[in-house]
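Two complexes, one shared chain (chain A), two partners (chain B, chain C).
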Partner chain A sequence: MENQKENKLVFQGIVKEYGKKKVVDGLDGAIKDNAITSLIGPNGAGKSTLLSILSRLLKQDGGDVFFMEQKLQDYKSSELAKKLSILKQSNQMDVKLTVRDLVAFGRFPYSKGRLTATDWQKVEEAIAFSDLQDFADAYIDELSGGQRQRAFIAMIIAQDTDYILLDEPLNNLDMKHSVHVMKTLRRLVDELGKTVVIVIHEINFAAQYSDYIIALKDGKICYNDTTHRVINPHILHEIFGIAFDIIEKNDRKICNYFNL
Partner chain B sequence: MKQRQKIIITLIILVIAVILFITYNMGNNIDYVLSRRGIRLATMIIVGISVAFSSVIFQTITNNRILTPSIMGYESIFILFQTLIVYVYGDKAFNVISQQENFFYAVLLMLFFSVFMYLLIFGRQRKNIFYLLLLGMVMGTLFNTLSQFMHVVIDPNEFSIVQNFMFVSFAKMNVKLLGIASGTLLVALVIAIRYIKYLDVIALGKDHAINLGLDYNKLIRLYMLIIALLVSVSTALVGPITFLGILVTNLTYELFKAKKHIHIVWLCSAVSCICLIVGQFFIEHVLSFSTTVSIVINFIGGVYFMYLIWRTRKKIS
Partner chain C sequence: MVFVISRIPRTLALILVGAGLSISGFIMQQLSQNRFVSPTTSGGLEAAKMGILFAFILFPEASLTVRMLSALVFTFFCALLFIFFVEQVKHKNTVFIPLVGLMFGSILASVSTFFAFKHNIVQNTQEWLLGDFSAVLQGQYEAIYIILPVVVISYIYAERFTIAGMGESFAKNLGLSYHTIVYIGLLSVSLVVSASVVTVGAIPFVGLIIPNVVSMLIGDNLRRALPLTAFMGAVLLLVCDILGRLLVFPYEIPIGMTVGIIGGVTFFILILKRSK
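This part shows the complex of A and B:
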C-alpha cells in the first residue's frame, strides 16, 4: 500500500449499493502494473462489481478510481478507450458479423470506423495472437461459445490498451482453450508489458497464471497480496469456506478441493 | 457481387414503381393528374425515408428487431395533441391554428416528450433502455385513453376532424405541410447521418459501446431526439404509419446482408418507398381507392411474416 503512487490504477473507498444492500463496501487498493491480477471470491462477493467500476461501466456510489493520477470520470470516454479495455461475461448479440468484423471493432477508438492499413494489420495480428485464423470469416452466431469468447478477446487485443480488464474470460471454455487464453494473457503481460485484471472462478488458473490476487468476501477485500502468499490452505478456507489441500510442484502451487 | 446486383435491382424496381405511379392511365387532364400524383409521390418518399431511418435507429438502440417507435407513444402524443386542439376550439380549430403552426407545436411537444422521458429514466440510477420502453408503453396507453375520452365527449362533427389524423392516408394531400415536413426531415437526416456510424458499435451492446469509447447516454439521448423529429414528420403528413417499420427493416435485413448502418438506412429507405408506392398504386388502380394503404401493407406484412415463420419451422425440423 505504501507504494501506491507507482501504480496507475488505484481505487479508494469504493462503495456500491443496490437499494439498501451494499454490494461492495469501502474497497481500497491498487492494481500492480505489468502483471496479471486475479479477483477471486465466492459468488456475490462483489468481484464483477469492482471490475465494472474500475472500467467505468458502472458508477460507484462512493469513493474514487484514479487512473494515471486523474479521476476516471474526468477522462473522455473516447480517450480512455485507447488506454483501458473491458470485456464482460455475457456477449449475446443479434448482429450478423464475422470474426474479422468483430475484431475490427477493437480499432474503433482509433479510427472511428474508417480503418487504415495499420488498423487492419493490428486486426490480423490480434486474430493470429488468439489463434483464430481458421474462423476469421465465420459468422459469430455460428461459432461455439468458446470460439466466440476467443473472438471477443481478440477484439480486446486489437484495441491495444495498456490495461485490460476481463470478467470471467474462461467462461464456456474447455481446458485446452482456457489454458490457451491464460497463456495469451501471460504473453500480453510478459512480451507486450500490459496490465491484466481478471475475475476468475477456478482457483487453479489464478494460482498458476496470476502474479497477484485480490480476494473479496461479502463486499470487502480480505486479501491483496502476491499469488504465492494468498494460495494458502488457511486463507483459502477463510475465503471460500471449504477445505483446501495445496500441492507444490515445480515451484507452482496446485489447489485440491475435491473430496476433502 | 451478388450484393451489388441486389442493390441495383432494388433501385431499378424503385425507379419503375415511381414511373408507373406517375404515368399509368393518366387520362385527359394531364396537368391536374400530374400535380396530384407528384404531391402524393413526394409525400410517400418523405414518409418512407423517415419511417426507415426512425425504425432502424430505434431497433438498434433497443437491440430488438420487432419494435418500432410507435411503442414509445410518439404517435399517441401527436393524436392527443390534435384531439386537444379540436376539444378546445371545436370545429373552428384549424381556422385558429394554421397547419404549419400545428406541425411546429407538435414537433416541439414530441421533442419535449423525448427529453422528459429520457430525464425520467436516465436522471435516476436506473439507467436502462428497457425502463424507457416500458415507460413509453405506459405513457402511450395513457395518451390513447385520454384521446379516446375526449373523442367520446366532443361533437360527432368535431370527431370527424380528429378522425382524419387517426388513420393513415396518402390522399390527404397536406401541400402546406410538405415544405416544412421535408425541411424537418432534412435537418433530422443531416444530424442522423453524422452520428450513424456509432450505431454499428451500439449494436454490439451497451458494455461494448462504452468500452470502445462512446458516450453511450449522450448518444441515446441524441437518437431519441432524431427519432422524435422523424416520427413527427411521418405522423403529421399521413398519420400513425410507423408500424410499417417492422416490415421494411426486417425485409431489408433479410434481403441484404449489410453490416454498416449507413448502408442499412438507405437500403431500408428504398425498400420502404417501394412498399408505399406499390401499395398506393394498387389502391388507386386495382382497388380504386376502396381501401387504405395501411390495410394493404398489413396484408403484405402478415403474409411475409407467415412465410418467415414457415421457413424457420422448416429449418428446425
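This part shows the complex of A and C:
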C-alpha cells in the first residue's frame, strides 16, 4: 500500500450491488505497472465485475477508481480511450468485417474514422505483432475462434493504450491459441512496457504468464501478491476449495488439481 | 411541362427513397445486430402510417409538414421501443426478432385501422398502404429532400454505426457514447421512413434486401458499403417503377406491389441462405 503513488491504477472501497446482493464488497488495491496481473477466483467471485469497474464499463455503487491520480469517471471517454482499453469476451457475431477493418477501429480514438498514414502504419504493426498477416483481408466471421480473438487483441494493440484490460481472453480457445494469446500479452509487457490486467480461469495460465495475482472470493480480495507467493497449495485450496499439488519447473509453478 | 412537373420529381423521388430506405435498413441492421431487421420488419412503416393517420384525425387540415412531423415522432418512438426490446431479449434468435417486429407492425396497423374506421377514413389510409409514385408532382413531394442530408449524416457517422453494432462495451472502449449513436441512427432512419411514407407511401423490403445483398458482396464496413447500398436501392426502385408501368400499360401497378413481390421472395431466399 505504501507505494501506491507509483501505481497509476488504484481502487479503493469498491462496492457493487445487484439488487440487495453485494457482488463485490469493499475492494482496495492497486495494479502494478509494467506487469501482467491476473484476476482469479471461483465463478461469481466478482472478477469480471472488478475488471468492468476498473475499465469504466460498469459504474460502482461505492468507492473510487483513480487513474493517474484522477478519478476514472472524471475522464472524457474519448481521452481515456487513448490510455486504457478493455476487451470483453467477444460474443460470436456474424459481422462481415475484415481483420484489417477491425484492427483499424482501434485507431478511432485518435483519428475519428479518418486514418492517417501513421494510423495505418500502427494498424499494420498491430496485425504483425499478433501474427495475423496471412489473415489481414479475411472476414472475421470466417476465422476460427482463436484467430478471431487474436484479431480483437490486435485491435486493442492498435489502440496503443498503456493499460490493457481483458475479460477472459482465453475463453473457448484451444491450447495453441491460448498460449499464443498469452505470449502476445507477455511481449506487450516485456517489449512495449504495457500494463495488462486479465480475468482468467485456468490457473496454470495465470501461474505461467502473470507477474501478479489478485485472488477474489465471495466479492472480497483474499490475496494480492506476486504470482510466486499466491501459487501455493494452501492459498489455492482456500480460494477454490479443492486440493492442489504444485510442481516447480524452470522457475515457474505448475498446478495439478486432478485426481488428488 | 409534363417533364418538369411530373417526370423529374418522380425520378428524383424514386432515387432518394430507394437510396434512403436501403441506407436506413443497413443502419438498423447494424444497430440491432440482426440481418433481418429493417423498417419493414420492425413496425417502422406502420408507425409512420399511424402518425399520418393521427395527424389527419386531430388536424384535418394538416399540411404536409405537420403530417411528416407526426409520422416522424411515431416512427422514432416506435424504433426506440423496438431497439430497447431487442436489447432486453437475451435469446437473440436471428429470425425471432424480425418476426416480433412484423407482429408489432401488425398490431400498430390494426390500431390504425380501428381509428380510421371510427373516423370514416379507411379509404384514405388505403392510399398509404401501397407505395405509389404516380402522385409525385412538383409542389407535393418536396419533403423527400430531407433524405439528402440524412444520407450525408449517415456517411459521416458510418464508422460509428458499425462500431456501435459491435456492442456497447466495444463502443465504450473506443471512447464512444453508445446510446448517442443509437439515437442518431434511429432518428436518421425515422426521418427517411416518415418522409418517404408521407410522400409516396409505404415501400416494403427495400431496406431489408439491399443491405443483405451488399453485405454479401462487399461486407459490413458501412463506410465502404454505403455508396453501393444507395446505388442499388435507387436502381431497384427505378427498375420496379418501369416494370410496374410497362406490365399493364397504359395503366400502372403501384410500386409498393412490385417491390413487395420481388422483396418478399428475396426475403424468403435470404432467410434460407443466411440464417443457416
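Methods note: the second predicted complex is superposed on the first by the 255 of 260 C-alpha atoms of A that agree within 3 Å, B and C clash if a C-alpha of one lies under 4 Å from a C-alpha of the other, contacts with A are read in each partner's own complex, and residues count from 1 in each chain.
Assume a residue touches a chain if its C-beta (ideal position, glycine included) is under 8 Å from a C-beta of that chain, and two chains touch if they have at least 3 such contacts.
Keep in mind that what you see is a predicted model, and the values were worked out from it rather than measured.
S.K.: Put chain B and chain C onto chain A via the superposition and say whether they clash or fit.
M.R.: Aligned on chain A, chain C clashes with chain B.
S.K.: If you stack the two complexes on chain A, which partner ends up touching A:108: first (chain B), second (chain C), both, or neither?
M.R.: Both: A:108 reaches chain B and chain C.
S.K.: Figure out whether A:257 sits in contact with chain B (first) or chain C (second), or with both, or with neither.
M.R.: It touches nothing on chain B or chain C.
S.K.: Once the shared chain is lined up, is A:85 touching chain B (first), chain C (second), both, or neither of them?
M.R.: both
S.K.: Check whether A:96 is in contact with chain B, with chain C, with both or with neither, and answer first, second, both or neither.
M.R.: So A:96 meets both chain B and chain C here.
S.K.: Do any residues of chain A touch both chain B and chain C, and if so, which are they?
M.R.: Correct list for chain A: 55-57, 77-82, 85-88, 91, 93-97, 101, 105-106, 108-109, 113, 159.
S.K.: Quick one: in the complex, what on chain A touches chain B?
M.R.: So the residues of chain A touching chain B come out as 55-57, 77-82, 85-88, 91, 93-97, 101, 105-106, 108-109, 112-113, 159.
S.K.: Under the definition above, what is the set of chain B residues touching chain A in their complex?
M.R.: My answer: residues 63, 65, 197, 200-201, 203-205, 207-208, 210-215, 253, 257, 259.
S.K.: Enumerate the contact residues on chain C facing chain A in the complex.
M.R.: Listed in rising order, the residues are 33, 35, 158-160, 162-163, 165-167, 169-170, 172-177, 215, 219-221, 223.
S.K.: Looking at the complex, which residues from chain A come into contact with chain C?
M.R.: Residues 55-57, 76-82, 85-88, 91, 93-98, 101, 105-106, 108-109, 113, 139, 159 of chain A touch chain C in their complex.
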